[in-house]
Every structure is written in C-alpha cells, then in structure tokens.
Amino acid sequence: MRLTTPAPAPALAVSQWFNTESDITLDGLRGEVVVIETFQMLCPGCVAYGLPQAQRVQESFGHELKVLGLHTVFEHHSAMSPVSLEAFLHEYRIVFPVGVDEHEPGLDAPVTMRRYQLQGTPSLIVIDRAGLCRVTAFGRHDDLALGALLARLIDEPRPVDGCDPDHGCIITTTTRPDMPARPNSEDPQ
Amino acid sequence: MRLTTPAPAPALAVSQWFNTESDITLDGLRGEVVVIETFQMLCPGCVAYGLPQAQRVQESFGHELKVLGLHTVFEHHSAMSPVSLEAFLHEYRIVFPVGVDEHEPGLDAPVTMRRYQLQGTPSLIVIDRAGLCRVTAFGRHDDLALGALLARLIDEPRPVDGCDPDHGCIITTTTRPDMPARPNSEDPQ
Amino acid sequence: MRLTTPAPAPALAVSQWFNTESDITLDGLRGEVVVIETFQMLCPGCVAYGLPQAQRVQESFGHELKVLGLHTVFEHHSAMSPVSLEAFLHEYRIVFPVGVDEHEPGLDAPVTMRRYQLQGTPSLIVIDRAGLCRVTAFGRHDDLALGALLARLIDEPRPVDGCDPDHGCIITTTTRPDMPARPNSEDPQ
Amino acid sequence: MRLTTPAPAPALAVSQWFNTESDITLDGLRGEVVVIETFQMLCPGCVAYGLPQAQRVQESFGHELKVLGLHTVFEHHSAMSPVSLEAFLHEYRIVFPVGVDEHEPGLDAPVTMRRYQLQGTPSLIVIDRAGLCRVTAFGRHDDLALGALLARLIDEPRPVDGCDPDHGCIITTTTRPDMPARPNSEDPQ
C-alpha cells in the first residue's frame, strides 16, 4: 500500500447516502481520520476482500476514525442503481455510511472517482486529521500495514482551529461557517 | 446432502434466459443428468459457496451433465432485476445458462421455487436421466459427496424412448411431439 | 487426477503401524477399495491439503472403503522418526491407520514409495476391489473428481473368491493360507 | 489482543539457537521492539496461524523490529527434539532466529514459558524498546490490531544509554559490560 504525497483531499460528490441520517462531507469530518472504501457492488474483488477489510477496520478502529463507503460505478450503470445498492448493503450487513458517487451525463467514471484519479475498484482512500489525502490505493492491501498506517494517523495531533504547525492553517466551512467555501470544499448539494 | 424420494421433477417456469441461444426445458434435457443451482445474486452464501460449487461442477463434469442456474428471487425484487443479473453473470464469469424464475403477482416466492418447495437460497437441485428429482438441498454441500452422487447418476442408463425398466415409460413432449403435454410438463411461454 | 493403467498394486512394506491393533496388508483388504495418503509429517503441502483431504474421505466414505496413511520419509529421516510421527498423529487428530514405510540402508526413498514409483509427497494411491492400482497421483486433487472416482470404484463388483470376470482369478495369501505367497504379495514381517 | 501492564521482560532461557550465528539475549536487543512467537512444531494452531503471522510481521516490519521464534515444548518432548525442529524450520521456510526454550528436569513447561506465565501455544510476546513486556497473548490475533500496536511501539523513543524519561534508567549488561548482571538478566550459557 503505497503512500501518496500528502495533498488536500478533494471533496466528495455524493448524490445519495445510505446508513446515515444526514449528509456527510469531508469538511464536516475535518479533525478525524477518514477511511473510504470505494467499490462497485458487482465487482468480485470488492465483495471478496475490499469491503470485508473495511468492515474489519470498522470493527477494530470504528471508535477512533470514520469509515465510509463510496459506490463508484463506472460500468453497468443500470445494473447497480441505488435500489440495488440498498439491498446489497442490507444483505452484506454493511453498517457504515455509504455514498453514491455522482454521475455526470456522458461520462462513465463518476465525479469523486475522477477527482481522486482512482484506477478502478476496489480502491482505498485514507485522509488524515488535517484533511490531507495520504493513500489512494487500488487492489488488495495487507492488514498489518494498514493497521500500522491507521495507528500512526490516529496518533497525529488534531489540528487546532484548522491550524496544523506542519501544514499551516486551513479554513473549513464547518468551523468557520461565516467564511466562503474553499475552492475544493464540498459541493453544495 | 440428503437425497429426496425420487419423483418427477416439476417443470421450470422461466421468464428469461441468459447464456443460451434458445430456451431450455427439462423435457428437452430428458436423458441428461441436470444440476440446477438456485440462487439470488445478492445472497452472500450464493456468491461465497453456492455458485462457485456450480462452476466447479461445470468444469469437472460439464461434458457429462448439464449445469443450469436459476435466479429464484424471493426478496428485494426491484434490486435483482434481469438487468442487474446480466451484469452480475458477466462480472462473476458465470458461463452456464441461467434462467429467471417466473413471478406471479402478489407472491414473493417465484413459481419454480414453489414447485420444488425450496427453503431458500442457495439450493441445489439434481435431476436424473429419467427426469426424476433426486436432490433438493438448501445450504452448503460437500464436494466429495456431490462428486460421488453425480458420478452415480451419470452412470445410470439413459432411458430408451422415455422408458426406464425401473420407473416405467414416460411420455415426453420432446420425443413424442404429437402427444399432449403432461400436466407437469414445461409451461408454454 | 490422472488414472493409471490398472495393474496389480505392489505390497506395502511397513515397519510399524499406528492407529490399528493388528498389522494391515493389501492382501487382507482384497475386496475393499483402499485409499492410501502417502505423506511426510514435515511436508507443508501434506499438512495443508493432503491429509485434510484424506480425513474428509474418511468422514464421507469411511464406512464404504478403507483409508490408510503411509509415512514415506525420503528426507530429514532423523527428524521424522516414529516417535515424532506418533505425536503428530495425536495432535492432528488423524484416526485412520498409518504405516511407516520401510527403509533400506543407503537409500533415501523408502521401499513402498519406490515400488509405486511415487514422485514425492503428498501422493494419493487408490486401489480397487480386485487389488489393482488405479491412481498414483502426486500433489493436490479436486474433491469433486475424487468423490466421483471413489463412488465408481465402490460400485464395482466385489471379486468372488479372488476371481473377477474381467481380470481372472487372483490367489491371495489371506483367502488361501495354504498357498505360497505371490511374488509381489506382502512382505513377511 | 489484550495489553499487559508493562513490566520488565524476563530473560530468555535458550538451550540452542537456529537461524542465527550468535546467541541472542533480550539485553542485547534493548532499544529494539521485539516480537516473540512462542510455538510447538506439532501444534496445529501454531502451524496454521501463529507462525504464518510471525512470518508476515517479519516481511512487513522486519527492518524496524526484531522477530524471534521460541520453541516452548511442554508435551511430547521426545517428538519435538531440536533435530526435528531444524527440519521443520527448513521445510516451513522460517528464516527468523528461533531458540529452544530450556528444560529443567521433572518439569513439563520449559523455563522461559514459565517466566512469562504463558497459557499455551501459540502465544505472542511483544517487548518494547525499554525492555518492558507489553503483550503476552495466547491464541489467534487480528493483523489490523497487531499492526497498529507494532507501529506505536516502533514510534516510541529509543531509550538513551538505557535511560527512558518515563521509566528511569535501566542498567543493561550489554551497554555496561563492567556491571554485574541484573537478577532477571539473561542466563549465563
């Protein structure tokens, strides 16, 4: 699981959420470590090892970080509609929040998937407390290495008022609701 | 895997076939051993062990018997439409013919599933050369025992003109197209 | 699992038996289907899949055929002595009879292993009711195919008085104790 | 995997080492994180999951910490002699150093196993840079949780000259060869 050069995590573009009462934005999670499992419900590797690993992360670290799923459909669109996804989440007992990555007419890959330049599914995204993306990794990942990475990110200091001595101060729409949104902040929905 | 008392296999009621150029009926397969894997595409046990076992049967015995899938949806109907099933079969590389079990308005369980009185999915149905149902078994089945059963059914004599010394003569609409269909023969479609 | 040309199964040369009160010979088992799992206790493939398959055969077919283990040590001889083997059988809960393949001074491969010309461990030997060797297969084997083979061998007729219409009459030292032993009959021990 | 109250790790009592050119003591490793997989070569759980996990730790963290094996034989002593162990390590491709836990006449459990009060095999021991034992856990352990623990121990500061601000200064026979050995330091061998 290769680390990426830390860079601000692009906003999520989600057309519909499951397993959560209110919409979720990365700005709203600033200060938390966020693990995003991107998947397609009919992708065999996602079912066989991607989602099970996300479920193990939820069980082992669920009280210390935030696990999200993102349904990044880039093929068979009519076969993996939100109606099908909802039944899938129920049958596979996936309890963490799952968003449907937003589609734009004429493009196969959905918006968030393109923002993160993901290669395919399953891909794992890990975002640190300062909102920087640290991992975007396609394929299968080792639990030992992932456990080590998550422990280290959990142990990083929580940025104070959006400020982190190493990365400067970041204005968030959450902590400063009077401020205009950053260019790459969450899409209005 | 418990054997059932041999009895004539009820006809399949299929609204749509995949992976075959022409519709399939049990009457048309009379004389062959037939293995039917009944499943729902969003049933985790079907994906984890039912369908993989059917694929192994296809690989090991595909030239000696007929493997069919039957999509017996009894819940989340709109989530497991034929459009979704088609993508599922493609992604999971299922190459044997798969039929969609026919629904009747107001009933959750589809027609064939009720005819065979299946308990749920996955269930395995095995039919002998004489058209008698020998197994309808819910759940997970041992490969050694299944291999033994299939070898024995393959080795049973092929009925001559629909006649089998142990079971009498059975009129089939296939071998005697001039005869009226048996009460439980294939549905006209 | 390739079948071999049926040929009389060479006798076992066993220096010590475990899990049986009296010594076992193939002549004494004539009329039974015999499955022999040849292994070395420190061979990882034997522990991971060879012996577990033999245990599954014992569970599924134990009342219809005879499962034997044969400890064919051809390397690390002092590391895999009968004392170590006994503890191994206890810890891995192997309950079928296991023989120690006999060694001759100066030769790495033991006697029975050479008689059957085995390539290594694990190897599976299957002998039919007439005492003919039908399989000597090195490596990993499919449960479906093995189940099919065993069912067919179990269903072959039991030779009457050592006579089999297809193979002629075979004198066994067991059924005819007054007869001299055949050249390839069991070693005196 | 429950953490223990940190306490000085008892010395290892090893009668023979494999996979290392010189004997290993915990005093000599002071400053390093040490992971000790205690096992018996004929313990099925050790072979199935204990040792494979230690091998994964060696692969993922081998450059950042020290993995050791300890053969803590408490039953079938003659079956698991050093001669058998050596062949076992070769066949299972275990490349990290493995010590044989020392026996005392009349006692089944070996010396180190008793010092650490282990419940059985496999048990995992983890020792921090200051020489404090942090984990002694029997059974099967989650890779995610173990990866997290090891990352955190690796990130703890290396004690300076045997001194650690949180735990005080510890005299080691390695760094201060002129000093008498501590009561629980390594056994002379």
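As written, the chains take the letters A, B, C and D, and residue 1 is the first residue of each chain.
Operating definition for what follows: a contact is a pair of C-beta atoms (placed from the backbone, for glycine too) under 8 Å apart; a residue touches a chain by one contact, two chains touch by 3 or more.
Worth saying up front: this structure is predicted, and the values here are computed from it rather than measured.
Centroid analysis (C-alpha atoms only) places A farthest from subunit C. Centres computed as Cα averages put subunit A at a distance of 56 Å from subunit C.
One finds 39 Å separating the Cα centroids of subunit A and subunit D. Contacts with at least two other chains are made by no residue of subunit C.
Each chain pair that touches appears in this list: A-B, A-D, B-C, C-D. Put simply, subunit D touches subunit A in their complex at residues 56-57, 60-61, 142-152, 155.
Remark: subunit B residues 42-44, 47, 75-76, 78-81, 83-84, 86-88, 90-92 touch subunit A in the complex.
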